[in-house]
């Protein structure tokens, strides 16, 4: 059991070190990324995928306006 | 008359065992928590229902040829369902706040201490008679501390399928309990002044950065942690579909219909693992206890890391946002916002907490990859 | 030149048998009924198309490796498709009218006499040379009287897969013919005064009752009729998702995209069972005849039961609503409403007929469970 | 064949009795249910799931109003 | 320390081969083309991502048990995914313009010369040392000239699975390049006056005609070309669901959620075939070259056929519309419209080009059936 | 190789002939079709499936109008 425990301890240390190293590498990568993509387009913090309505939504919209006008 | 007897013998009443009856009550409890308490209902409702179905004697839902047998076999044993959920979650995730403040990645890293400390705790529990967790079991249990459902299900299905039911239930239950578990720990480790610290507004993040980010994450993962690529890869695919802006119809489907369909089946399949033989044991109590510990330690280490970072930072950092590093998106970030507002009504931390929050998702997927590499 | 011969030999013209040609005409007829006559088009269109595809010589749709082979093997042989349809139907069903007037459950029970009388009829038909229905065949045929497509397909796939095609076609065809089959029977068994009886407005039903109802149904089913739990269980899961109010995105998906996708494949798979060897036989004529009888008897016994209940009831009961007990939701309830309006222009029976209508769905799922227990 | 017929007859009787018994039990359960859930909330006969618009619908709505206003 | 070594050994860095690294760059290039250049992003984004995932050493995506292994095995090897895509495309296709001007069918026929000429070209390439295409390989390559993704994937999966990745990539890339490949050829073969010819407005087409058309196509196919019925049959089913007007919910699902879900998986599965062993070879260069030739010849033969038809026609025919016969719906029709407008600003050819455009889809499905019959 | 080449040539010829014959047959079928379906309903070139809004769209529409009015 103590064997297993010391093994778990090693995994804990190895694991935390790896997580930190990995995410620090990612931190570095993000700095690089920002350099590459430096000219920040006007787009902001929000999602970039909420821009255009899908055909289904457009259909719903058209129908909504259509029905609204009929009233 | 013979027919009536045949019919009676086919009823469940005669065949019921105590274990099955209790497991149905467990299923009913999960339904109650899902519907009345609104505990992660999207998962706990199908899990609870699946638990009831799986424990009906004579109905054979989990026997070869039964519905739940197929669903489990096709979706969980292959790992496909959690990966598809993760793709959908990726398509729902906005990395903007993290990109605007990259250092919060480290908070997402720190909070993973909850996972690894729990691994130690699970092994330590073996000293109590009745507990006999292998290293694989302990790893699967520890991942509860990642506060991320699909990651927990994926890892448990690879390392310790017998414990899958209990681990998934614990993971989702504690994620629902985040507003109760976290605040006392957060308040214990911070002063009111600290909690009241306001942070600077986040810079806007360009589209290019958002597109390149999932690719950078994938690149680092495949170089250094290939065992994490199934999880991280599908997450990044979802996120790339979201941010690319050219496949919106795929992104929408991944975020809605596909994830909904998979969620129903994933829940049922997880519920089908809630059999009395495996769930009604001391182990389950151990798992529930360890899960609570894992969430607590993760929260604490996130907050403490934030305090350390605040020391070395020019810009003000509110230590509360470290608590969001456990992930449990977006609940943990909302809790941070609420506790921050209590201390200072001008203090809106939601967007600042979203950074460590999504970092925590990556962090626990990375931790899962490490455990797979070392233990799997 | 050799090439041209090879190409010609690969055409179907040489290989066509009469049976296949006739089955294609049957497929075309189903398409005509679906598109032009609007007979249950959601199912009969894919079934008809599937029948055409399945009977193309040399195309191999139903051979191992062919599309329809996979679809049948994955979705029908496992029972998964009808169960998913049933989950979707559950998510579309509002039990409010039944809960407001629980006694109408008994009308849904009475109408199941159509099933069991037809079982007797199918066995009686064996006295005519050329018919040799086993008890399993007879049970699968009888379920047509349940007026519920997924239930019929599920039971037939378990008890008598060879007859599945004919049974499904008969079930959906007669469901579409409900406005033609039922009114004469309803008028024969009631006076104009009875048909004109107005019923009291239904009480509102609380959310809690609606949530607990599917769980109560599941509980009774698992106790007394485990063989019915696949059908009833998935139906109740769908209904619980609908009423719980906390998983609306799952409920919406179950009612829309998921049921649509499964419907396309289910229809094609059922159509693939319309092969000449099995369909072009005296048996099919017998099945069509028995199906009509089943609908008639079910309608009659529902109406008669309603007349009995009206005798013992303080509140007025219009006997027409008994006819809705065969299910065929919501067509049968609409027919009741129409016939009631003919007798009395102030007489709106739609909501009153919805109670027995949904009770009939439960009733035939229960009957299917009984048949599985006794015959399966 | 007469054997099969009498068997079918038995199944018919057994079946109808079981259907009635089962649904009568359910009838009893519903009475119980009503007692349990006695304080009837304001919600009525209609569906309870048509209340809140889904995110997709909200998006469609927002887009609809947005496009409507632009006109 | 052992643990660290174990972890290091599990990284990909040590295990990477040159081939895998290059294939990842190919994947990244496809992502770039999809996202930045908007080259058929719905397919090329998942294909590119799949290529990256499939080439990660140690991750095992394409080994038995890996996600991409399952997706390929379930969806491509069975042929199910391309067939479902084709059903969705059928549900999106309006045959109105073709029905209004049936003679444009012949333009769709002529453009298939691109396919068969390329078949010859692929075999001719065998005279260069290093190329060794079998007749099956050559047929699978030739179908790139059909300018139709699902048809190419379906045929390649049956005839030459090893080349599937390269063929699919070439097919989608050239479809995206249609606006660059086609105009020079179109201008070379026509005078400015010819390009400026205005065509008469199309007659309206009745609903009945539109419903009967897919059935007529299916009927002829099953009689004369059964090997084409999987593709043509599913296409016609989709189109029938669209035009029948009674199963709109199925048609909508086939056009949206179902095709989106399948597209994600199809793309990943195709990407998983981009392994270095098969892709990084002289063959791939050959395939890319032959694909370009196929598109060119198809465009030219379509335009020339239109010129011939114009000679014999009373109504004016603009020869440009022949170029749309390669299919690549609706890109090729748009290119025709644009080139026509350049020559004459009053000249709107879009609807006139849609006829040959959809005829080209049928034409290449027919050609695929012929190749399957003769070579498969 | 020359064998293979001549085989490919045969396939080319056979294939093109078949494609033309097949699509010409379809051309004939279309003429027939037009005769059968002669009384052309008012429906025109456009899609026939964009007519009625689905329940989901109707829900979105209702919600949209509802929310719009509240403002």
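Which chain is which? They are A, B, C, D, E and F, in the order written, and residues in each are numbered from 1.
By our rule, contacts are C-beta pairs under 8 Å (C-beta built on N, C-alpha and C of every residue); 3 or more make two chains touch, one makes a residue touch a chain.
Quick caveat: nothing in here was measured; it's all calculated off a predicted structure.
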item: Shortest chain-hopping distance from chain D out to chain E; value: 2
item: Between B-E and B-D, the pair joined by more C-beta contacts; value: B-E
item: Mean-CA-position distance for chain C and chain B (Å); value: 41
item: Where chain B and chain F are represented by their mean Cα positions, the distance between them in whole Å; value: 46
item: Whole-Å separation of chain centres (CA-atom averages), chain A against chain E; value: 32
item: Geometric centre distance via CA averages, chain F-chain E, whole Å; value: 16
item: Per-residue overlap in chain D, given as positions that touch at least 2 other chains; value: 11, 14, 18, 56-57, 60-61, 64, 68
item: Interface hub residues of chain B, defined as touching at least two other chains; value: 3, 7, 224-225, 245, 249, 252, 256-257, 370, 374
item: Touching residues (chain side chain E, partner chain B) in the complex; value: 3, 6-7, 10-13, 24, 28, 31, 34-35, 38, 41-42, 45-46, 49, 52-53, 56-59, 61, 65-67, 70, 256-257, 260-261, 263-264, 268
item: Chain E-touching residues of chain A, taken from the complex the two chains share; value: 10-11, 14, 18, 55-56
item: Interface residues, chain C side, partner chain D - complex; value: 94, 96-97, 99-100, 102-103, 105-106, 108-109, 112-113, 115-117, 119-120, 122-124, 126-127, 135, 138-139, 202, 204-210, 212-213, 216-217, 219-220, 224-225, 242-243, 245, 248-249, 251-252, 351, 359, 362-363, 366-367, 370-371, 374-375
item: Touching residues on chain B, where the partner in the complex is chain E; value: 78-80, 83, 211, 215, 218, 222-227, 229-230, 233-234, 237, 240-241, 244-247, 249-250, 252-254, 257-258, 370, 373-374
item: Parts of chain C lying in touch with chain F, wherever the complex brings them together; value: 2-4, 7, 252, 256
